[in-house]
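Two complexes follow with chain A in common, the first pairing it with chain B and the second with chain C.
Up next, the complex of A and B:
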């Protein structure tokens, strides 16, 4: 990539202090999101993937569980003027300006993320007034145009609808319209299709592909579903228990996963597209995700890893091994293989 | 199937009155399940697939006798569930068990795991009271949990462990038929395989029949001998696993399969045919309920309800155009 990255995460760590101790939810995570690139952040529950999204959005440290969050590292974001700013050191005012304008976010649950007492048109218009400085009438007209852009039929009528009058797929389209309202440089999508039926999911993924092609925005797509990753992502970052275990192009990761966890996750995806004797057959990853209050020493995956070597994997945390093609993985065994 | 089915629904329909109607005698009704017939043989696993509000959970609960159908009959070993009374009813309840989707919401947070699993033993008077704790320990072992879990509480367990408890609870009363309502949907990908393998092993060793309900055809296909597809309360396709997955005949089944992301970036496909956004809450039931979204729709489709026609191979489809459609991609 010739253009400098839009966002560089450098040694991002997030700790939560809880009544029961400190949770190192994100541990020294570093990766880039390029311009016009879709990066998939893949992990299971407790992997830290949503915490990373919240850190980028500046949603940690503003209340709830985030109240007790301690963040370190750097989040270098290149704004519209080309100057790099660190999202972690922004003051509240600058952050508010950035959020919604330069960085948009789509959440998993399209019902709870929308305001139930405002029409969807009003919710999009509000953003356009605040960030783009449109008048009330301009914003209302523009909101209808934005609904049309995300594929909502009869947008002028639909703008007057309340969220509860819409289907899940339509609500998710509205959320995407809101996130896209100010043509953000970066769209963060946190499992945006998990709550949707699979035929609707396919439509939403197609919409995201179309919007990305049209606007050349960057997308950080958070998911646990490698099927979606294959459909959408240019590059893949795999997280396990708060640490990066592997990074690479989607093609490389699927063709030759290096980390045993990535391998296991890929094997756990049922394949309905293959020969009939393997219909839906999945490999089994043993064990359970570790307790975040007591992550295992060394490689955090080693208690579940069939390749783990005593004295090696339970000692030091594995460093990233870099390969050609911007591939990296963190595994003692595979690094020495 | 020549043998008597273990459990069978015969033309069952379930309507729910909709709230907010001003005229109760003219109340609007929501048809959750319409005229569905399905039979599950002893030892068979049937996968039941459909999107939200397709009626799959309602059908599962009708089969268990937890919901009374508005019309139609459910037979357990040939006997109408409604005709079963007294002690036989209790035995029937033992035989029919359910595993829920959400392992967080379906376990009483104030009870220990041991008490949760033991409850069914106490209610049905299985084994001597003094021997029940031994049986609980055995059941926990059966689902891959150490006996020490009996003293712990649900909040101390991971999602996968809780789902194992839910399975142990269902097994405690020695059922012959289990409905798994989205049994792996709330679990992490790496845990799903473990739970599916456990269900497969239990089925093999205990000869259990199962109805596995899911919105995700991939999640349950591995275990299913046959797969039935529901759409807006109607069964629109049923067949063996390979019939439904390899040669789907109904346009909805085809769209459903085409919409599943393929985990292989080198096979990134053209977008699936555009279906209009989501199912209508109250489709016109005078015709095919899928017609408003169907890419092959013709005027005839809205006039009459397409019957489920079953081929000699046992592959059934409810579509007027099934013989004219191009072969599945």
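Up next, the complex of A and C:
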């Protein structure tokens, strides 16, 4: 993997101003997504995973949703021409043209993410007309081909179906077909299998793996399920309360997590091919996620951390400690150990 | 879908029948037409002769059965007051009424929908708030009051618009405003609410994530979904439009079917009155049918079920 990264997040921060105060939902997050790489973004509910996804997509502040958002930092994206641009400097129209074409996104809720009054064929075809300039007939034919590609049987008939005539798993396939329709450079999958039952979940993951292998696109896979991470990811970024706490290759993270929070998350995974002694002391995460309006000072994890040292962890925010093999973590205690 | 429509059709026929029966009896209880036509009084013999001529001498059930038999053959009888076929009376008057209905419907769609959309899309700006203010006023003011206010301003003080009759297009301006104001307001308010609901739905987010132009996200994805329940409301409100048009035609002295109908009530002109009731009821039924059919066209979820 010597090719330059597809996307570089640099000090990405997102603040929301609300009636109750400012929510620092994402705080100076920096990581890379390499070409042809699957990066898993992991963290508890409310840790800012979806906000990062929306920031990359440029969906914050579009059409009223997230009007209250302030985004700062850099999102250096290497386009099809090989030139890197900072997505945050583009205007709304330029960002729109990237969406769906160079960056595709699959969401968590397949039951509600499709328009109930349009055929699924049309919901794929319109995208091809807008981005690839296909004619109506070309786009319709292409939509059928895309449905076949995501493993939908009888795609020509299915293209004429409406979402309510399909199962959750099939709808998620359609959503993947939509996200992949223009062969994006980056696919963002925000918990795409959480709403599905286990067998369907496995099928969808298998499909994503296959498509990834075929197209060599990059994937940002958002999940809080370390079982999926183990199956899918090349690299892992762990997020806690809007901050990165650890980053590394999936192998390294599973073999020797450095941050106590990562240890805790791994401990919460039911069944893994890991010796239990590597998981460490934190078996279940004690406590609850912090209030986003009033994050703890210092390390945001310290009130829940069994290793926390008073006077150290509640003072300054820990800086990233870099290790060999592109590993980084942010912990006062482990950095000095 | 067919079964559903058939069931609905059957219920509609029953409704029209019931309405007709009630009208038939109520009209006869409330008085005899010849008392009103000849206010200096009739002799016993004259009254009996007239009753016989129009078949009013027979018992009510017999009258009703023979009336049903006649209308089944398309014969709605003659006006007692004017001694001309009922159908002719209405046919001559239908023009202004239809024109008023069409104008009011057009105004409702052409003003109500954009007003509601504006109110939803510009909800954070003064424009959106103003749109909602206009809609609220239209919603709160009853027909007759609005008519009187309009007449006072535009006929009495400004002398811009005629307040009586239906001869020119100018005559239609105030009646159309009066009749459609409530509908416009209702549709605008409803569409606004629906749009706000739809805009926060997942499929709108999907549409944006696809990189569709905002005009497509709104016009194609959001509006279509928001319009579905609005169609139902339009259908329901139509019933109010029918009765509202009676008031409006009377206030503005329209030479429309409203005048014929109201006149027939005053004179107890049974055949005219009965035809009016049947026609109004049928109109409501037909429109509700059309609304259902339209619903099935725009909402694929209805098409297969039901």
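Note that the second predicted complex is superposed on the first by the 323 of 337 C-alpha atoms of A that agree within 3 Å, B and C clash if a C-alpha of one lies under 4 Å from a C-alpha of the other, contacts with A are read in each partner's own complex, and residues count from 1 in each chain.
Simple rule for what comes next: contacts are C-beta pairs under 8 Å (C-beta built on N, C-alpha and C of every residue); 3 or more make two chains touch, one makes a residue touch a chain.
Everything numeric here is computed off the predicted structure, so don't read it as measured data.
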Note to self: Contacts for A:168 in the overlay, against chain B (first) and chain C (second): which applies, first, second, both or neither?
What the structure shows: first
Margin query: Looking at A:126 after the superposition, I want to know if it touches chain B, chain C, both of them or none. Which is it: first, second, both, neither?
Written below: second
Item to complete: Would you sort A:57 into first (chain B), second (chain C), both or neither based on which partner it touches?
Response: second
For A:254, using the defined touch cut-off, is the partner it touches chain B, chain C, both, or neither? Pick first, second, both or neither. first
| request: Applying the touch criterion given at the start, work out whether A:217 contacts chain B, chain C, both or neither, answering first, second, both or neither. | output: neither
For A:88, using the defined touch cut-off, is the partner it touches chain B, chain C, both, or neither? Pick first, second, both or neither. neither
Larger residue footprint on chain A, choosing between chain B and chain C, goes to B
*In the superposed arrangement, does A:25 touch chain B (first), chain C (second), both or neither?*
neither
- Scan A:201 for contacts with chain B and chain C and give back first, second, both or neither. first
Contacts from chain B onto chain A in the complex sit at residues 51-52, 158-161, 188-194, 196-197, 215-223, 241-242, 245-246, 255-268, 271-272, 274-275, 277-279
Within their complex, chain A touches chain B through residues 44-45, 153, 167-170, 173, 197-203, 205-206, 224-231, 233, 250-251, 254-255, 264-266, 268-273, 276, 279-286, 288-289
Residue set of chain C touching chain A in the complex reads 124, 199-214, 216-217, 220-221, 224-225, 228, 298-301, 304
In the complex, the residues of chain A that touch chain C are 57, 59, 62-65, 67, 96-101, 104-105, 107, 109, 112-119, 126-127, 130-131, 162, 164-165, 175, 178-179
